[in-house]
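The structures considered in this document are given below.
You will see two complexes here that share subunit A, one where it goes with subunit B and one where it goes with subunit C.
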Partner chain A sequence: MTARTSYLARQILRYSITLFIIITLVFLIPRMMPGDPFISLLGEDVYYRSPELVSALKAEYGLDRPLPEQYISYLYGLLKGDLGYSIHCSQPVWDVITYKMKWTVVLLLPSAVLAAILGIVLGSISGWQRGQRTDTSITTLFLFIYSMPHYWLAMFFVLIFAFYLGVFPLSGITGGGLVGWRKLQDILWHMALPVTVLTLFGATYNYFIMRGSVVQASRESYVLTARAKGLSERDVLFRHVLRNAMLPLVTVIALDFGFMVSGALLVEIVFSWGGMGTLVYDAVLARDYPLLHGSFLVIAAFVLVSNFLAEVIYAVIDPRIKGR
Partner chain B sequence: MRTDRLRSALVCITAVFIISLSIGLQAIAADSGTDKSSGGSESDREAVTLRAGLYTQEYPSVFNALRRPSYNQLNELFAVTHVGLAVFGPDFTPEPCLAKSWEVASDGRSIKFYLVDNATWHDGTPVRAEDVKFTYEYWRDNQLYRQGGWLNEYLDRVDVEDEFTGTVYLTQPYAYYFIKSLFPSVYIVPKHIWEKVDKPREYGEPDGMIGCGPFIFEKIDRDADTAYFKANPDYFRGSPAIDRIEWKHYRTVDSTLLALKKGDIDVIIDEAPSGVLVPSLMNEKGLTIEVGPNPGLPLLIFNYKKYPLNQTMFRRALSYAIDYQSLVDAIEAGYGEVPGAGILSSCIVESNPEIPKLEFNLTRSNEILDSLGFLDSNADGIRNLPDGSELQFQVIAWTDGKDMRVAEMLSYMFKKVGIDLQPYTNELSVLQKMVWEDRDYDMHIDFHDPYMTALGFATIDLVPMQYGTCTDPQFSQLYNATMSAKDPDELKRTVYDLQDYYSAELPGIALYWSKSIYPYRSDRFEDWVPLEGYGLTSHQSWFNVEPVNG
Partner chain C sequence: MLFGLLLLAVFLLLAVFAPFIASYDPWEPGKSFLPPNKEHPLGTNDIGQDIFSELVYSARISLSVGLFASFISVAIGTLVGLFSGYLRGMTEETLMGLTDVILIIPAMPLMIILAAHTAPSIWNIILVVGLLWWCSTARVVRSRVLQLREMPFVEAARSLGATDTYIIFRHILPNTRQVIFAKFILVVAGAMLTEASLSFLGLGDPLQKSWGMMLSYAFSRGGFLNGYWWWYLPPGICISLAVLSFVLIGFGLEEQERNDVNTI
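Here is the complex of A and B:
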């Protein structure tokens, strides 16, 4: 077994253990919250008036069984690839999640990529020109954006660009009643503002990490060597500094992808975008245990896979890890 | 080398966009088939289409007329496809609808109804008395909403006499109350569809929206979060004045109002925006705000199990400590009025105009508290009970922000007469358990729906689905008399008596009478007929509303 294979095997084992712990926690935590999933299904009138109906429903969904028994049943379902049946949505959990996830990915994948590009490019330039006018201007602007709540900026954009200027729609995924390419155009038009808001926030975060990293790397002796070799400033930045400065950002960007399924809740609400954020929010309010298990599990899986990929990329690009 | 890297990076970025684009395309491909079947034709584009907005947490994931999270705005949405035996008139009087007439038995225990003979379901099947019998028993047996509980408690049976005639038998002499509250609110559903459905709350097939109302459900577009309806040309009361409705869902009131101001929608269903939002709507070109009385109201409810909240004089002292006009001004921006001691808003037919308004009088409040012996014995600014404990209470504010603002204002007002009132809020389920199940609270603020239910549900433990704690036999007797009234005159008389009791005993206090505020695009449609408290999209509106410019 090579050193790299051994490294990856250890990581896989570690992630498997983490996943098992997460599966257990996502089973337990929703059940520790006060409330009952059947209140939202029946309404409070019926819930408090008809205990026999509530008991029958609990038995039907297996929620009357002892917790260990429910847990084993849940694990058994997962092994079969069955995430369960949503009490609140009256549909299989997998169907609900795949529908919502589709729209979250459509919204957040471009945002994460654009935020990474913007953060890397501007962070590098600012870090390399530390203290100069470009750095000061960009840092001031990004600090301003970074200090705002997501939802506030989202509302501001809605007000300015959708309401007053009328160049974008106020909310939603599509206006409805369209098919084919016109629908695609309409979706892209609806995506513009939420993607911009999410990109700006993602970019500010990436920007500050990248900037700090470039500032730190630019003091290293290999930079001096590169300059002494007669390389242009541009070559020093992009061929030497950037490669080393990128390392911490790889983790951040990977985590961005991981958290993107859950991180846009408020932006989704402001733009009435029916993705995973609003799904989790509604599931929490409804105490829909199966839907919460499924949603949290998918989110956790995203984070783990992203982390794992970050580690793999690290192993590929960082010679210090290559050698371990 | 650098060119290769650049190319690789570009390929990666392009791949990401292609993936997200392909997901969008896949969504389009998935529903393009269904889209072709509805809308988009030339004739549809020329049709008169109303674009309505609805703000609520979410559209139900299963769209059928019997699936609502609770009794909320969706009730009004389903009222376009479904009707009851009666509809509410503008003053909440039940007017004939699916039943062209009815007769109440002299003992008040049965109602004979006569159906119209030209009503058909949207699938062409005629509506029969068997459907009515099935519906009432189905709502009862499946415990559907508040009405289901009421039917479970008081419906004995429904007998069918012929295709268009039947009799509803009750276990108590509550026939007139039944007509007034359940005839309009229990939507009749087709037996031939629902008899095969065991779990109405989970049923998601398209025929679950088949009714006999003025509009036919076409589809719900989940991507657009919009439900589509078309006019029912065979509706037994005539064809509606508009051809199509596009009903769009919004998650917040702010986004709904922005859409209205921008002209994306023409009207909002049901829920009236708070008075404090009115200034932002004024002077908007093409927008008109219909302001009317609101029969709904916020109530302060006391727990009779706790001393001294079970003392009439103490409750009276509290009533004098409330600055009602300040509540109207701060919570509703002046769109309201000081309430009467009989609780019911003056716009309700059965409200007694002779009952005086509640009075803000700190001097009187302090005098009563002093006379009860509740003095500030330790000079800390808070009065003490005779046993030395502080006069300290908790008031439950439900999760709505408006409730908490009201609770905070009450806390501030009561402090002026030496009473410490702590606003309390928590998870909705925790509060529901405290109020509904354990009845373990001092006071709570509840916003009541329109209609006269506020008199009964708030404060007594007489009929099901209440959270009150007052068990005074006199009150129960008076309330029972309102339920047993056999005609409008008797109902009015008994409600007057009950309001007298409220005025004298104050088992609950109305905090203000607010206004209904209904903004709509008057440059698109006019001549709405509001059902005060439930919005502009009333049954009457569908036949009265006129598109502007033809």
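Here is the complex of A and C:
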């Protein structure tokens, strides 16, 4: 077995165990919490239903059966894509989530890409000019952003750009009533503020890692060799330092994706962006547990898959893991 | 770092002397939705409580949530790091495997689920954050322990017949103090931000005043939609500055620690 395959095998094992733990947690948490597990599983809305319906639901969900049996039918349901039924939304959980998830991804992908670019560019500039004016001011700025709650910066942006300046819309995904090209334009216009906020936060982590990575790489002896060969500072930075400093960033960007998903949830709420964030917010307010559990499973699966892809990419590009 | 310490001192004073600084009882209702004026420097909220007094009292809860949660998570992380780093072998495999697995579970969504199932209380938030946020501490402590366990003084203790637990707690632990303390400070920052996020989602303790709860109310009760900036900007500024103070101190300590290691 080459080093690469054994590395990937380890990662597959690690991710499968994590997925299994997440799935089991979602099964166990509502059943172990104090209070009637029936409410923890079907949401607080069942309180207001008729007693006949409640007992019918209880039988339908098999909550009177022993735990192992319930667990097996739960796993079997997951395989079929059955995440349960949201009484609050009167819809299967899976249908609600697939619709909302789409809009969260629309926000996330551009932000993640922009955050990576911004973090890498500014991080290498600061790392290369460590201790100088540019470095100090950019680092201070990112320290501030790092210390803010995501959603609060979003609120601040809305206050300035939407409330006072009126350049961007207050909330929502689209004004409605538009089709085709105009609709796309309108959506992009609504996206501008949330994507900016998310990009800034995503860039923060990338920036600090990239800066540290460049600082470390610039102390290596090959940099001295490159300089001694008479290469220009630009060539040393771009052809030698960056190529080595970029490597750890692949995994960082992926791990960062997990943070960005959490951030997106909160930022969405501020902008009333109809994605997973507003969905979770409404589900929390209504104590709609099936929807919360489903959202958690889908978000977790999404984060795990993207992290796993990053590990695969890392294994392919890092010459040290390449087989012999 | 000096700036961080000063900032933190200000917030600590605010928290300790809250009753003397605040001009009103933060719970006392009055005239609602007042803009900033002479009697109420930051106006009043939806049920007429004085926002400035709320802000001062909230420092207590926000800071203590951060400190307690960080204490729990750093305690767990330290134990995991110490034992896996010192004992190696199976213990290390299991503990680090566990850490690796927990590290990739998206923490925020899991905390939302846990908090949604428990009654909204400050202690539940502290527990949830504390129990899920120890992974990075465990990793840092372990890598330090891996260096320490090969040092002559540890070997000397071992050859004198000291037990593993004795060596871990009497010799290894004191030498990881610096790393642990830096981590503790940084986790406080993270825990405060998490409390703010959970509270914002409506999972905070309605019986306690924290900056996160203030933001949550300002958002859900019309302060945000009506542009009452004096209601939601100040708590955000407080959270950001308090977190910043911890981050600055934490980074400063880590830098110092790195320099110390380099000079050895």
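Everything that follows uses one rule, which is that the second predicted complex is superposed on the first by the 269 of 324 C-alpha atoms of A that agree within 3 Å, B and C clash if a C-alpha of one lies under 4 Å from a C-alpha of the other, contacts with A are read in each partner's own complex, and residues count from 1 in each chain.
Here is the rule we use: a residue touches a chain if its C-beta (ideal position, glycine included) is under 8 Å from a C-beta of that chain, and two chains touch if they have at least 3 such contacts.
In this text, all values refer to a predicted model and were calculated from it rather than measured experimentally.
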Which superposed partner A:Gln91 touches (first subunit B, second subunit C, both, neither): first
Touched partner set for A:Tyr222, first subunit B, second subunit C, both or neither: neither
Partner chain(s) touched by A:Pro149 [first = subunit B, second = subunit C, both, neither]: second
Touching partner for A:Tyr76 - first (subunit B), second (subunit C), both, neither: neither
First (subunit B), second (subunit C), both or neither touched by A:Val270: both
Touching partner for A:Phe163 - first (subunit B), second (subunit C), both, neither: both
Which of subunit B and subunit C A:Leu292 touches, first, second, both or neither: second
Broader residue contact with subunit A after superposition on the shared chain, subunit B or subunit C: B
Common interface positions of subunit A, toward subunit B and toward subunit C: 33, 40, 155, 158-159, 163, 269-270, 285, 287
Touch list for subunit A against partner subunit B, complex: 33-36, 39-46, 48-50, 53, 86, 88-91, 96, 99, 102-103, 105-106, 109-110, 113, 117, 155, 158-159, 162-163, 166, 169-180, 183-184, 187-188, 238-239, 269-270, 272, 274, 278, 282, 285, 287
Subunit A-facing residues of subunit C, complex: 97, 100-101, 104-110, 112-114, 116-118, 189, 193, 196-197, 200-203, 212, 215, 219, 224, 227, 229, 232-233, 236, 239-241, 243-244, 247-248
Complex contact set, residues of subunit B against subunit A: 2, 13, 16-17, 19-21, 23-28, 31-32, 35-36, 39-40, 57-58, 61-62, 67-71, 143-146, 148-149, 201-202, 204, 221-226, 228, 246, 248-252, 254-255, 258-259, 261-262, 264, 427-430, 432-433, 436-437, 464-465
List of subunit A residues in touch with subunit C within their complex: 14-15, 17-18, 21-22, 25-26, 29-30, 33, 40, 143-144, 146-152, 155-156, 158-159, 163, 255, 258, 261-262, 265-266, 269-270, 280-281, 284-285, 287, 289, 292-293, 295-296, 299-300, 303-304, 307
